[in-house]
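Beneath this line is the structure, given in structure tokens, with notes to follow.
So that you can tell them apart, the chains are marked A, B and C in the order they are listed, and the count of residues begins at 1 in each.
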Amino acid sequence: MENLILQKDKLPELIEKLSSNHVLYGPTEENGFSLFKQISNFDELNLKYLLTRVPPKSLIFKQTETLFKFTPGRKGTVTSTEINEEKSLIFAIRPCDARSFKILDPVFEGNFEDPFYISKRKNTVLIGLTCNSPERNCFCTSFDDSPGSTENVDILFTDLDDRFYVEVVTEKGKNLIKSVEDIFEKSTKNDEDSKRNIVTKSVESITRKMDLDGLVPKLDKMFDHELWHNTAQKCIGCGICTYLCPTCHCFDMQDESSLREGARIRVWDSCMYPEYTQHASGHNPRAIRMSRVRNRVYHKFSYFPKNEDITACTGCGRCIDYCPVNIDIIDVIEEVGVISNE
Amino acid sequence: MVDQQLLIDEVKKVVSRDDVKYVIGYKKGTTGFTISPAFAYSTEYADKFIFNPLCKKNLAAYPLLEDKLPLKREEKEDKRKIGIVAKGCDTRALVQIIQEKGLNREDLVIIGIPCSGVIDYKKITAMFPNETAYSTIEEEQGFYKITINGKVHEIAKEELLADHCTSCIAPNPVIYDVLIGEEVEPWDLEEHKNLDVLEEKDVGERWEYWKEHFDRCIRCYACREACPLCYCKECMADLLNPQWIRRSVNLSENTAWNIMRAYHLAGRCVGCGECESVCPVNIPLMELNKEIEKDVKNIFEYSAGMDSEEKPLFGTFRPDDPEEFIM
Amino acid sequence: MTATETNSEMEEFEPNIIGFLCNWCSYAGADLAGTSRIQYPPNIKIIKVMCSGRVNPMYVVNALQQGADGVLIGGCHPGDCHYQHGNLLARRRMAILKNLLEFIGIDSRRVRMTWVSAAEGRKFAEVIKEVTEEIKKIGPMKDIQRVNEW
């Protein structure tokens, strides 16, 4: 399908049309920051912010998910939760956040298939939005990604001031566009160039860079290095880095019940909490913060690439932005480099 | 304005003492307006120490957070003191912890810093969203002078001042071993932002207000971890038997969590604002804390963290405590 | 909704009230009310605790979450506590809890406290009557009730 143009004044119409037959999620302003929420009209949409505070993984990998229901007793029953096949759509997802699903897919669609994730992923169309002005802690370019990458989205919008340049990437995207084709216009070579210019400018404005060269073997050699102790000393274990990370996917399972019924639920968990690894015996293999902080770095930059051939980081910069004690992942990786070169 | 050299000299003096393990303080962060907690084990490291209005983080949580590894055979526990750079509210937190016997006063060397209010990180990053570095930041007669790339920005203090500072009752350290510079004049106390507005609403409207905030809570418990007074070995929110609060994230459980967090800090909260500033979804937690602080002051004439000899608020009573609500 | 409709709905509403009563005074007072055949509304469900000072504020919040429309805490009169001053500690806690609930937007009249001695069966019945009436007026507690989304 060739690329299209959407005039900005047509956007409300598009939102309205799409939300009539899809659950449409878009960034909304919430108490001074941005959050993905279900929207039904254009006014709720707010594209002022670059990244939403909580990443869109929360729409596919829900914070709380019911796995099955049960009733206790001799005649007790177990009922599996119905899989929700609702068609949904995430509008204005940034390319880095879209890339997070590429990292989450092997977790939930690999050896163990998670029906909840898979059905949501399958039924969700990702409409990306190019980042015209990256923020100070953006570093997606370090992962061969770009602020205008079409790689992980179904459709990509690029803001060209008075209009959007629309690239339709996948079959899913094509099918969606077909239903609302009449509000789009044909694009010209000129529009394509404008997009390219915007992306080039964006890439240039990204100042931070993470050196991933040979990182896995480097990390292998320094598991017991005192760097981890030094980094972890200031960590307060708040878990913001993991809750706001678009690629963190650890969860906890618990039974919740009243007298007559109950359910097994799955909730997000964080490796920054001591309870995360606490055994029933009381023993905790990661008893100190040093081992927890180290685990976070190793999981993202060593174990995950070893297992799935992809680094579990998208370069969105949320963990750097919101860490209250300035544990800067780029800085940590830089130090790893310096130490291994010594 | 705190004299940086004086601070560094003092830190050096403390860290070179034989009975001091390390000194906790602030250094410049890696990017933008961030400040990083710093741990000086040597006098050389002390050169990195700074104090400026961006140093909001309450360091009082760190002495209790220290990772303690199991001792090796014949190894003795390192019982040396910990040095800590502390503002007024930080020392109040220390006093409160000492009062609750979480720490011993003898185990601390407190380098007190008179503070005339700190900058809210969220406010300053909103003002300069894409700045990757600043060179200096100074306070001068109701203005902050921020130098970025050689350009000086003058910004009125109240635009950047953290909300909780306007009702701060201890700008000067409550306890200290050394004081850097001169004590500052306490300022006229204002009531915490928004409290009067909320108090005038009726119960239903207030619920609407809080409902919206609690609904957004992602229960990361960052508010708890950042709080210097939340140092229970096992938090009631993590208990499984009994499970006071379920793990599922919904309005009911989120409200229960937020009530209990605020309640467990009644008469203990020192108003440093850490919980609110770390909250990733901007829940105005200080409004809850400040409301309780106000009640505690009005009803029991008690302020947390001012006197380490005092008994904890809920560990004591007076025969004439008000009881008009009792039937 | 018309006024009559509201009234009829309110009349149908029978509140659930959880009573945390101390073993030595209030519970004995309730016992006396029973043995003396004094009538009081059946809306109260009593949980015996050893002392009103044992009542963790979380009990109150959990009760409200799990379907209680009101909570009553009963203790000995000041000076009569069998643990010397448990009731006076409870008094402080409840004063703050009530204010906090009110501030969050939960009517603080839902949480009540009373001193009832073992000899005050009649007072106990009256307290229950009054609390029940009041909570009927306030209406059901829905705001923070646990909704099992599963």
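Definition applied: a contact is a pair of C-beta atoms (placed from the backbone, for glycine too) under 8 Å apart; a residue touches a chain by one contact, two chains touch by 3 or more.
Remember, it's a predicted structure, so these values are computed and weren't measured experimentally.
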Chain-level touch network, classified as line, ring, star, complete or other: complete
Comparison of B-C and A-C by number of C-beta pairs in contact, larger one: B-C
Identifier of the chain whose CA centre is least distant from the whole-structure CA centre: B
Separation of chain A from chain B, taking each centre as the mean of its C-alpha atoms, in whole Å: 31
Intercentroid distance (Cα basis), chain C paired with chain B, Å: 36
Inter-centroid spacing, chain C versus chain A (mean Cα positions, whole Å): 47
Chain C, residues touching no fewer than two other chains: 149
Junction residues of chain B, two or more chains touched: 246, 248, 250
Junction residues of chain A - those touching two or more other chains: 64, 256, 265
Chain B contact footprint on chain A (complex, rising order): 30-33, 35, 53-54, 63-64, 133, 135-137, 207-208, 229-230, 232-234, 236-240, 243-244, 252, 254, 256, 265, 267-268, 270, 273, 275, 288-290, 320, 322, 324-326, 328, 330-331
Chain C-facing residues of chain B, complex: 198-199, 203-211, 236, 244, 246, 248, 250-253, 255-256, 258-260, 262-263, 266-267, 288, 291-292, 295-296, 299-300, 313-317, 319, 321-323, 325-327
Residue numbers on chain C that touch chain B, as the complex places them: 57-58, 61-62, 65, 78, 85, 88-89, 91-108, 112-115, 127, 130-131, 143-147, 149
Chain C contact footprint on chain A (complex, rising order): 64, 66, 69, 81, 256, 258, 261-263, 265
Touch list for chain C against partner chain A, complex: 66, 148-150
